[in-house]
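Just so it is clear, A, B, C and D label the chains in written order, and each chain counts residues from 1 on its own.
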Amino acid sequence: MNAFLPVLILMTSLLPAGVIFFIPQASHTLRNTINIGAAVAKLALVAWMLLAVAGGASYESVLPLAPGLVLLLRVDALALLFISLSATLWLLTTIYAIFYLGNKAELSRFFGFFSLCVAATTGLALSGSLISFFLFFELLTLSTWPLVAHKQDQASLAAARQYLMFALPASASLLWAIIWLESYTGPVLFTDPPDLSGIEPWKLRTIFALFIAGVGAKAALVPLHGWLPSAMAAPAPVSALLHAVAVVKAGAFGVVRVVFDVFGASDMQALGVDVPLALLASFTILWGSWRALDQGEVKKRLAFSTVSQVSYIVLGAALAGPLAMVGALAHLVHQGLMKITLFFCAGIYDERAGVKKIEGLNGLGQAMPWTSVCFSLGALGMIGLPPLAGFVSKVYLGLGAIEVGAPWVVAVLIASTLLNAAYFLPLVYRLWFLPLGEGVEVSAQAESGAIGLIAPAVVTAAASLGVGLLAASAVSPLGWASLIVARGYLE
Amino acid sequence: MNGLDILALSASALVGLGIYGLLAARHLLRRVLAFNLVGSGLFLWFGAAGARGGVGVDPIPQALIITGIVVALAASALGVALVVAHARLSGPTLPEEAPCDPEPDNRA
Amino acid sequence: MSALAPIVIGDVWPFALLVWPLLIGLVAALPGGARWALRLLPLAPLPALGFALAGAPGAVLLPDLILGTSLEAGRGGPLFIGMTALVWAMAGLHVALTFERGARNGIFAGFWCLTLAGNLGVFLAQDIASFYVAFAAVSLAAWFLVVHDRTPEALYAGRIYIILAIIGEASLLAGLLIGAQAAESFAIAEVRSALAGAPLGGLAAGLLMAGFGIKAGLVPLHIWLPLAHPAAPVPGSAVLSGAIVKAGLIGVLAFIPAGGFPALANAVVILGLVGAFGAALWGLTQNNPKAVLAYSTISQMGVMLALSMTAAASMVPFYALHHGLAKGALFLLVGVFLAATSARQRIVVLVAMGAIGLSVAGLPFTGGAIVKAAAKAEAPAWLALAISASGVTTSAVLGWLLVSLAAKPAKPAESARVWPILLAGPLMLGLAAWALPHAVAPMLGAPDWAYFTKAAALAEVGLPVLVGGLIAAVLMRKPLPSAPTGDLIALLPAISRPRFGRLTAAWQSAARSFRGLLIINSRRSAKAAQSGEAALLRWPLAGALLTATTLLLAWSLARA
Amino acid sequence: MTPLIWLVIAPLLGALAVLVVPARRMPAVALGAAAATLGAALALAAQVAGLGPRTVLLGGWTPPLGIVLKADGLGTAFAVMAALVMSGVALAARHELAPDKAGARAAYGFWPLMLLVWAALNTVFVSRDLFNLYVGLELLSLAAVALVALAGSREALAAAMRYLLFALTGSLLYLAGVVLTYSAHGTLDMAMLLARVPATGDGVALGLMTAGLMAKTALFPFHVWLPPAHAAAPAPASAMLSALVPKASLVILLRVWFEAMPDAAGDAALLVMAGLGAVAVIWGGVQALVQRKIKLVIAYSTVAQLGYFIIAFPLTGGDSAVKPWSAGAWTGMVFLALSHGLAKSAMFLVAGIWYSACGAQELRDLKGLARALPMSAFAFALAAVTLAGLPPSGGFTGKYLMMQAAFVAGLWPFALVMVAGGLLAAAYLYRPLAALFAKDEAISCAPVSRVRQAVPLALAAAAIILGVLSAEPFSFIKIGKPDAAVEGL
């Protein structure tokens, strides 16, 4: 049973993916049933495992491929953090996507790749060895491409192309790093960090840089972030997936794995690569926020905001102190909840009111109160307004920074907070305080009948409030992150 | 100079001539012929090799040469057939090597 | 598992009094609940008032909430909470009586309650997380009170307010983080004691001071205050000036150990005194009565901030009690005055304001005089002197308030029926300002009214009032030329979003040209590639290469 | 008779049989022969997996007089791969080369030639005699040239002519090497050559054979014949030409270097070879990137992929003993070749479907085909994953092992080449994929049966499965692995 569980949880999304591809376009009920059924099953499985893992259990499946290629799936606390996020958001995004896409073309292809993408994310989270991480990392790249290009118009194809132009060289870099490192150490298992003592420091530094470049493109670290803003050409559920559930999260998760389970915090510090990484992350945080100020399109602004916010996780990993790590891991979940709320809402504005530009948001608060409340909550949470989720992450990151003797990071956090406020508050202000734009017709029933779109947004918005409000409880993401770090540091 | 040397020298000459023809000739039929020259040279040499050690004649090279000749014959036949077919459509030289083939189409 | 641990440890009251206003606020969010919520506003602070009157007993621990919430009335807690609750209750009454039906009433009511909860929360929080949450609530939610009227002035004031509030929040967060890390605890008391010895402690204290100073109107961070008060609706100004600014004060008292940072303390004392005198003087140039009152608030807060950096810090809550009540009353009375329909009513209001003003100025035997005497008794002599002297400017500015108010044209009669009830609220506050210090003084061991029976003391506090009154009388004849409200902000360039367009543009053009380079090169290299392939296709070259490769291989192998 | 014999005889008999039956029965007879050969290959694989390498002495004669056929892991794996590809090709050709579509001559000529190619391939895979290999290789080349010429067009004939010239020259060089070897050692059997007393001429002989085989494998700079030839042939023919024919000379190259004369190998020659391989990877990739025709993109991709196989030569050795977790470059390269065969044939078959059903020849014609023919587009995408070396395909697994070996051998620049080659592959395969995925409502395609679309999908999927379930194939390939491959050259 124990060896079977990780595979089972992977299969909850992999099997539906295989099936959905072959469902005829018109069979909505069948497709939706499989989609939601699988998502619910996965969520239930994850919930059950959360209890078990909290009690100290861990599950492991090994599938040996060729020599050196060990496909190891392992459920530990860190993996579960990521999986529970992705499983929850998968269910919500699926519901949202079903209503968002309605009866548009190529639904089976869309949902097939959608499930595949989630399967890749799950596998990535479960990966217990470097090479299995890489396998799922690539699977993720490939399965996301058709989603980004889903609309099949010029802009989508260009965005998808740009995505690959960043993702594939990055994968090459990652592969290079993995093979280089493993040529010294043999296969790297995350449970058993490799002994790096015999390797020359410059080589290790280069390998580290290659690793970071590899996962950094997905995490949208500057200057590898260019694909993310263009990828907003994709349908809203895909953006939600990219920004909150799967892709950038996979990158950030990868940084965490590399720092803690491949190099180890102390080795990283001994090599002197922690500060450059922290600087890079800080620069990304500021640059992303900076560029967000200038964006006239809602989704683009959100995209640059993601560039900035995801680097909080990288920053936390770079600082490598226990508190910073707690903050980073909590932010992994927090950012997901808040950002998916924002993208859900941006999609609703687009779909229901035809609003893409920020000027279009003027006065929508009255016409679309539910959406706008959710959007505002997400935006305020991103700024770090207490007691929303973003605040909790910032506190722990800041504490962690000071703890490891990097108080300048606090200045970065503060600057980022101010910039976040500068690009999010005008949106909130427009929603609630400005009159509807000239010639904009938004029906008073803009939200009626959109319950399938609004409900997921309400859930995630409430969750981003809830996880902040109850951050100190053991079952919150923060509590879970503390558990992870406590276990990691006790080992 | 014994017989073997003569054989070796002739073989070398054949191979050398053949290689020259193969490289320098533009006409495809010449190239096929040049191939046969090189092939013959090699078979000659192979045959000479069968006389090694001076203890009688090694039968294996002879068997192999015969097989080789059959193969070369087949190859030549195919080559010639191709040359003919090619020449009918576009002349007796390869398109990229025919700078001023006057009227390739009229030959067909 | 810890999930099964108790959710609430201790008395539920400190928590309940915060939840109660939030519940009323939620009523406002219900469909059609806005009208109900407005009427319920006066009830929102009542549990807090009862709590304060009962001496603010009990403490509560909510381990799961935020980062672990601990609530207890700390130093000066009952005074702060009682004053705040009273001011909010009377202001809420004013709202309930005066607000007409409007689309935004629901928003106003909801955020009113949120602000109130935050305002009470800062006095109760014993851990930095809940303190910060409460502080953010009181700071940011109050923005809705400022901009409620949506006039251009209100929106401008709101913009300045929100920018400063967010900057304040941010610097507060930074300071708190450093403090919490130094203390390795979220408890405010431990943060406070750890700050002095901590690395970067000075920075943290400075950041905290800046954050609290913005809220408390410390010069030069006060600029939002004279803009926001006149722009807000009357009850909004009343709670802003009476109660909300005290959130900054409690922050200073709770977090900054003055003894640990002498330079910071000195700076704050100097800035506080600059505010105490300068703001009052600037107030004399204002024509809008609410702006005048706002400057008076800055002036009084300057005194309190200066006091909190000295041994007299323990008397600051006492001082704040009086100021909050009096200032709340004065602001509400401005509204009452403007609503007055007859000359008689106007005179009644002016008299009431005068009486309260005299208390603020420190007329002997008033509550104001008691709190000043209490403060001076603990303060160093030079500060005591300065406080006495500030009586001059205070009475002058309040005198000027009456003058400028009297000059306002009367309004036609509208809602005369509720006017007496409207008046009752601020009068009650004023009475409390006069009387409560007398009642509280013995508990604090402060001088009581008997203190003023000595001639010297009488003169010391009476004289400045007299001089100030005379100045006001002179100004009645010869007003000062009016100066811009918001003083320092007029000196700043207009605040707009900074555009570093050049940097962005440079980045984009670099990216473009890089892309262009790739395309050009790809075309060229495509051609080169094709011509290379065409060359290899020629048999003579190919044959030669084949020969050469054969020779190379044979040679290199033969060597081995 | 053992499956080993049937492996060679069945396609040969089939080739003869199709010539004597009426034209309309040809496909059925050919399919029967294909089934028999596939069965023989699978049976042989089962035997080899269970019992180790199988040997047959033809006519009971022992070397040096007789000829020995020996099936080891390497040869059998290739034979199985070839059987899969060939069966797929035969199924596809039933439609593609129906007389009404391809013309009577092509329809007539294809079946015997195809079976001849197969017979030649199997001969090469199991032969251990240098001259026997020569004969097999010649048979293969001549049949392949004929296949290229099958279309009869001007381009096809020119391409076939060019191919023939390179093939013949390669044969001569190889033959010269064989002659030198025989004159020095008096035997052409590999096992005996391994045990020979090294002679001075060995290096030259090896060099000549290598050069000849490189010309036949279409290694840079002798690759120029390949793209036009593969592009000119009918799609099923291209599939086997690209997927299988170069593998035959590759297998001979492997056998000569690792099983016959490992001692003659030298570092300089290895580096020359691998250097050419590296250039091939890059050159082929760049060429594929600038092509307009889909078949040329695929053909140049073969040029690039062939480079990887040659790169592996200097990287071998030191694997299991030094790094117990690594299977080494030799195994990796074989793996790469196997998955390349499967994926490449899938690609050509798909291109054939597109051409015959939709008239799509150029990349820009592919617009909208993903919607019109989703299964074939998916097959192409899967094959692209393999060719770009992306996980979880067999292409990735092979490349991974080779890169690892490059680091272990201290020759990391070759790993860099492999990474760059992978990126180039992604780039040039992206162009058709993006075109496929683009929207075009005006596209009109003749209906294509599911079976026909399923064949390439199955082949591409097999290449992926090879990566997902790689442990068994790996241990299989290692059966009878030459010592030189373990120890390095």
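FYI, a contact is a pair of C-beta atoms (placed from the backbone, for glycine too) under 8 Å apart; a residue touches a chain by one contact, two chains touch by 3 or more.
Just so you know, these numbers come straight off a predicted model, no measurement behind them.
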By C-beta contact count, A-C versus B-C, the higher one is A-C
Taking each chain's mean CA coordinate, chain B and chain C are separated, in whole Å, by 100
Chain centres from averaged Cα atoms put chain A and chain C apart, in whole Å, by 36
Rounded to the nearest Å, the gap separating the Cα centres of chain B and chain D is 27
Whole-Å distance, C-alpha centre of chain A to that of chain D, is 42
Among chain D residues, those touching two or more other chains are 162, 165, 169
Touching at least 2 other chains, the residues of chain C are 537, 539, 543
Multi-chain contacts in chain A, i.e. residues touching at least two other chains, fall at none
Chains touch one another in the pairs A-C, A-D, B-C, B-D, C-D
Per the touch rule above, chain D residues touching chain A in the complex are 320, 323-327, 331, 335, 371, 374, 385, 388, 390-392, 396-397, 400-401, 403-404, 407-408, 412, 415-416, 419-420, 422-423, 426, 430, 434, 437-439, 467-471, 474
Per the touch rule above, chain C residues touching chain D in the complex are 525-526, 529-530, 532-533, 536-537, 539, 542-543, 545-546, 549-550, 552-560
Per the touch rule, the chain D residues reaching chain B in their complex are 64-65, 131, 134-135, 138-139, 141-142, 145-146, 149, 152-154, 157-158, 160-162, 164-165, 168-169, 171-172, 175-176, 179, 182-183, 186
Interface with chain B, chain C side, in the complex: residues 534, 537-540, 543-544, 547
Note: in the complex, chain A contacts chain D through residues 64-69, 106, 109, 131, 134-135, 138-139, 141-142, 146, 149, 152-153, 157, 160-161, 164, 168-169, 171-172, 175-176, 179-180, 182-183, 186-187
